[in-house]
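Supplied in structure tokens, the structure appears directly below.
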Amino acid sequence: MTAALAASLSSQGHSFLSPTGVEIVFVLVGLAVLGAAVLTVSTSQLVHAALWLVVALGGLAIEYLLLTAEFIAWVQVLIYLGSVVVLVLFGLMLTRAPIGRSPDADSGNRWVALGLAVVAAGTLVTLVVDAFRCTWMDLPASGSTSVNGSTQANGEVLFRYWVLPFEALSVLLLAALVGAIVLSRRHREEG
Amino acid sequence: MHLAYPAVLAALLFCVGLYGVLARRNAVLMLMSVELMLNAVNLNLVAFDVWLRDTLHAGQALTLFTITIAAAEIGLGLAIVLMVFRTQGTADIDRLRELSEPPADGLPPGPTGAEAGPDDSDTASPASPASPASLTGSAQGKAGAV
Amino acid sequence: MPPLPSGSVGPTGHTEHTGHTGQSHQRGSGHSGRSGGSGGFPGRGLAKGLAVTLRTMTRRSVTDQYPDAQPELPPRSRGVIALLEENCTVCMLCARECPDWCIYIDSHKETLPAAEPNARARTRNVLDRFAIDFSLCMYCGICIEVCPFDALFWSPEFEYAETDILELTHEREKLREWMWTVPPPPALDPAAEEPKEIAAARKAADKLAAADAAAEAAAAAAQESAGTTPPPGGEEPAP
Amino acid sequence: MTTALEALLRCVAVLVVFLTFPLVIGQTEHKVMAHMQGRLGPMYAGGFHGWAQLVADGVKFAQKEDIVPAGADRRIFQLAPAVALLPYLLVLIAIPVGPGGFVGQALDAGLFFVLAVMGIGVLGSLMAGWASANKFSLLGGVRSAAQLLAYELPMLLAAASVAMAAGTVSLTGILGAFHWWWVPWQIVGGFVFFTSGLAELQRPPFDMPVADSEIIFGAYTEYTGLRFALFLLSEYAGILVLCALTAVLFLGGWHGPLSADLGWLWTLLKTFALAFVVIWLRVTYPRLREDQLMRFAWTFLIPLALAQLALTGIVKVVIS
């Protein structure tokens, strides 16, 4: 299978069998991300799951860097690692996550879920490989300021063409803020 | 770089998240799985943006939006989970059944009602020492009113 | 304690702080940092606190580098209790008054041969052991107060730490050695009244002198009146 | 080859700075704090005014037994100090010291990078607090998480104000665009940034997460020996990073007389002056109560930061 794939691709300029350095790093980090993600959803120690999530999200930030989306990568670190995971850990601690295994982390339908996930993964991967196996993307040389993932490029595009969604997003954030405050306030008055 | 690498990684990551959402019972863990799925989408968006060399950077802009929405989602989600935990004493999705429909044959659900599924009653009653009896009483009352 | 100006400023700064947080607590406003102080611009109390610490930093510190520099102790420091053995009569008052019973005294009686052929032989207490357990002593000084013969003194010596608690029971040799560190009694205040002992002695001397003078005058008068024998009251009674 | 060598050299330089400057700040804290309280501070270690006190402390910490509580989550407990310490090392790489490439690694999104990575440090105290299996530690961890989330916002807003004024998020770019009148213009933002940075570092008077009178030492209660020393080191490295960042963003970094030759000296001078202020505040002010702390962030610092942002925008529009 792999040999046939390689043969079919050898006519192209870029073979899967002679990967570039970026590709090797990407695959290695990708494996780490995937492993961390699997541990996130499978470990029965709640806080460990959150910490594996940190590894997975941090690895994804590295993947973004490899894809020359520098700005996105730092936003990922800032929002996900700095805030979302801290919030999740906060939530886990407030819901009294125990040290050690909690046997009821997984529900009874985990085998169904596993089957579904495997089927979905098989379908998606087949589809994606079939569709994009010959597609090559040129990564711009990193370091130059005009690469497409730089802060400047993102800022210009964001505030020139995407202003309306941006503003809508700010309204959404405000709504979320108000919602969170209301949710926690009402409880305090009751109890 | 071959587009297949990020695309496959994103697909696998999405499926891992999918498994997590379906298989987890703790609400916070479910939220974490949702984050994984969102991140898979983000990775796809970034990769395709780089591939297409979009002059509008739609992919990256959308990724920013997704990240923002994810932050809002986790904030609200955790607020809800915490409130549920405070009122019900658990963050276990399977036990939060107060609003579930009464069984199909129209009988009022009681503690002896096996119609709700054998594993609900035996997970709910012994494993929820924090939830007082009045809670189940109110649940019955609500279900009866419905 | 040397006069420390910061010591006088510090408490005011501190009280202002506490008053200030109390104020913010009353109002329920959280800007405890900013609004506050007693009048003036907002944050005046905060600035004052900063000024106090900065001023203190520029002053010389008051720390004595103790093992290098010996501390200057006040004249009545209660360091350790010294024993002037020669004055001790083994009356046991100190041991009896000691609240925590940390004074150990052993003695035996000794018979002195009669000084005169007709007199009786006298007995006298001889001190065998005088020890103070400083692991028990609480430095109340009652033993020194009650000693009727001035055998116990406060010594300012304080470096007698030991590595074993049992070694803190010091025997009379050690207590006698500490006697050398006892400072002379401090000079009296110029305006103070005379010490009781001196006043009593002076009164006695004055009386004696007066009696002498009276006797002399009487003798002279008697001589003048040709009486040859002195009056029987001429012998001065002891006061 | 030469570029690799140069990169290695820069990394080593950053590492050396990371390992020595926090000690300098720590020793300064010993002495300044002592003198502000009318004491002398350490006088013996090393001979001259106790200059080697922290080295001696390090030796002492290294000799101590490394204890992990029986009920603790071993792996996470042991990992936490590294997680707390490493972000500051990474941040130091991106801080420009002098003009002309006197920086570990000039990043395009330097400001973003610095703020993002600094936010990770709190994961260390969260992990430590949870894994210690101790209620005081857990309370300390939860408190530090709440404090970080509350103070991250004003800090980011204040930094955004500077980025807006300079029109770039690159730290070297911000310094390149700096003019002296930025200092009065951004002074409120600087105050907000510095104050919330102090709160993120859990320095007094914002040290509720380690309030010894209530929760012993917060998340670090169970730590001993070298791991505890790493937490301490991360606190002082945090002071260094915060002061250097404030100097770069709000006080003009290397700008000053003779900045072409002595730019690095100016940066260091400003950094250490700010570090002195950190110590000064610690000595002067009592600890805030937990609710005061939160209210201070949400009702005072954030509006202030927003006002600074508005002011920056207005001035920017007027002068362009």
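Chains: A, B, C and D, in written order; residue numbering restarts at 1 for each.
The rule we apply is simple: a contact is a pair of C-beta atoms (placed from the backbone, for glycine too) under 8 Å apart; a residue touches a chain by one contact, two chains touch by 3 or more.
Note that the structure is a prediction, hence the values are computed from the model and not measured.
Q: Which chain is the middle one, judged by CA centres?
A: D
Q: Between A-D and C-D, which chain pair shares more contacting C-beta pairs?
A: Looking at contacts between chains, A-D has the larger number.
Q: Indicate the whole-number Å distance between the mean C-alpha point of chain B and the mean C-alpha point of chain D.
A: 37
Q: Which whole number of Å gives the spacing of the CA centres of chain B and chain C?
A: Each chain reduced to its C-alpha mean, chain B and chain C end up 79 Å apart.
Q: What whole-number Å value describes the gap between the mean CA coordinates of chain A and chain D?
A: 29
Q: Could you grab the centroid distance between chain C and chain D? Build each centroid from C-alpha atoms only and quote it in angstrom.
A: Distance between chain centres, rounded to whole Å: 55 Å.
Q: In chain D, which residues are in touch with two or more of the other chains?
A: none
Q: Quick check on chain B: which residues sit in contact with 2+ other chains?
A: Correct list: empty.
Q: By the touch rule stated above, which residues of chain A touch at least two different other chains?
A: Only 71, 75, 83, 87, 90, 94 qualify.
Q: Show me the residue ranges of chain C that touch chain D in the complex, using the header's touch definition.
A: By the definition above, chain C touches chain D via 4, 6, 17, 21, 24, 29-34, 46, 49-50, 52-54, 56-57, 59, 61-63, 65.
Q: How about chain A: which of its residues touch chain D in the complex?
A: Spelled out, the residues of chain A in touch with chain D are 45, 47-48, 51, 54, 70-71, 74-75, 77-78, 81-83, 85-87, 89-90, 93-94, 97, 99-100, 145, 150-152.
Q: Considering the complex alone, what residue numbers of chain D touch chain A?
A: For this pair, the touching residues of chain D are 71-73, 76, 108-109, 112-113, 115-117, 119-120, 122-123, 126-127, 129-131, 133, 138, 141-142, 145-146, 148-149, 152, 168-170.
Q: Quick one: which bits of chain A touch chain B in the complex? Just the residue numbers, please.
A: 14, 16, 20, 22-23, 26-27, 30, 33-34, 37-38, 40-41, 46, 49-50, 53, 56-57, 60, 63-64, 66-69, 71-72, 75-76, 79-80, 83-84, 87-88, 90-92, 94-95, 102, 104-110, 112-114, 116-118, 120-121, 124-125, 128-129, 132-133, 135-137, 139, 148-149, 153-154, 157-158, 161-162, 165-166, 169, 172-173, 176-177, 179-180, 183-184, 187, 191
Q: Which stretch or stretches of chain B touch chain A in the complex?
A: Listed in rising order, the residues are 1-9, 11-20, 22-26, 28-29, 31-33, 35-36, 39, 42-43, 46-47, 49-51, 53, 56-57, 60-61, 63-65, 67-76, 78-83, 85-87, 91-94, 119, 123, 127.
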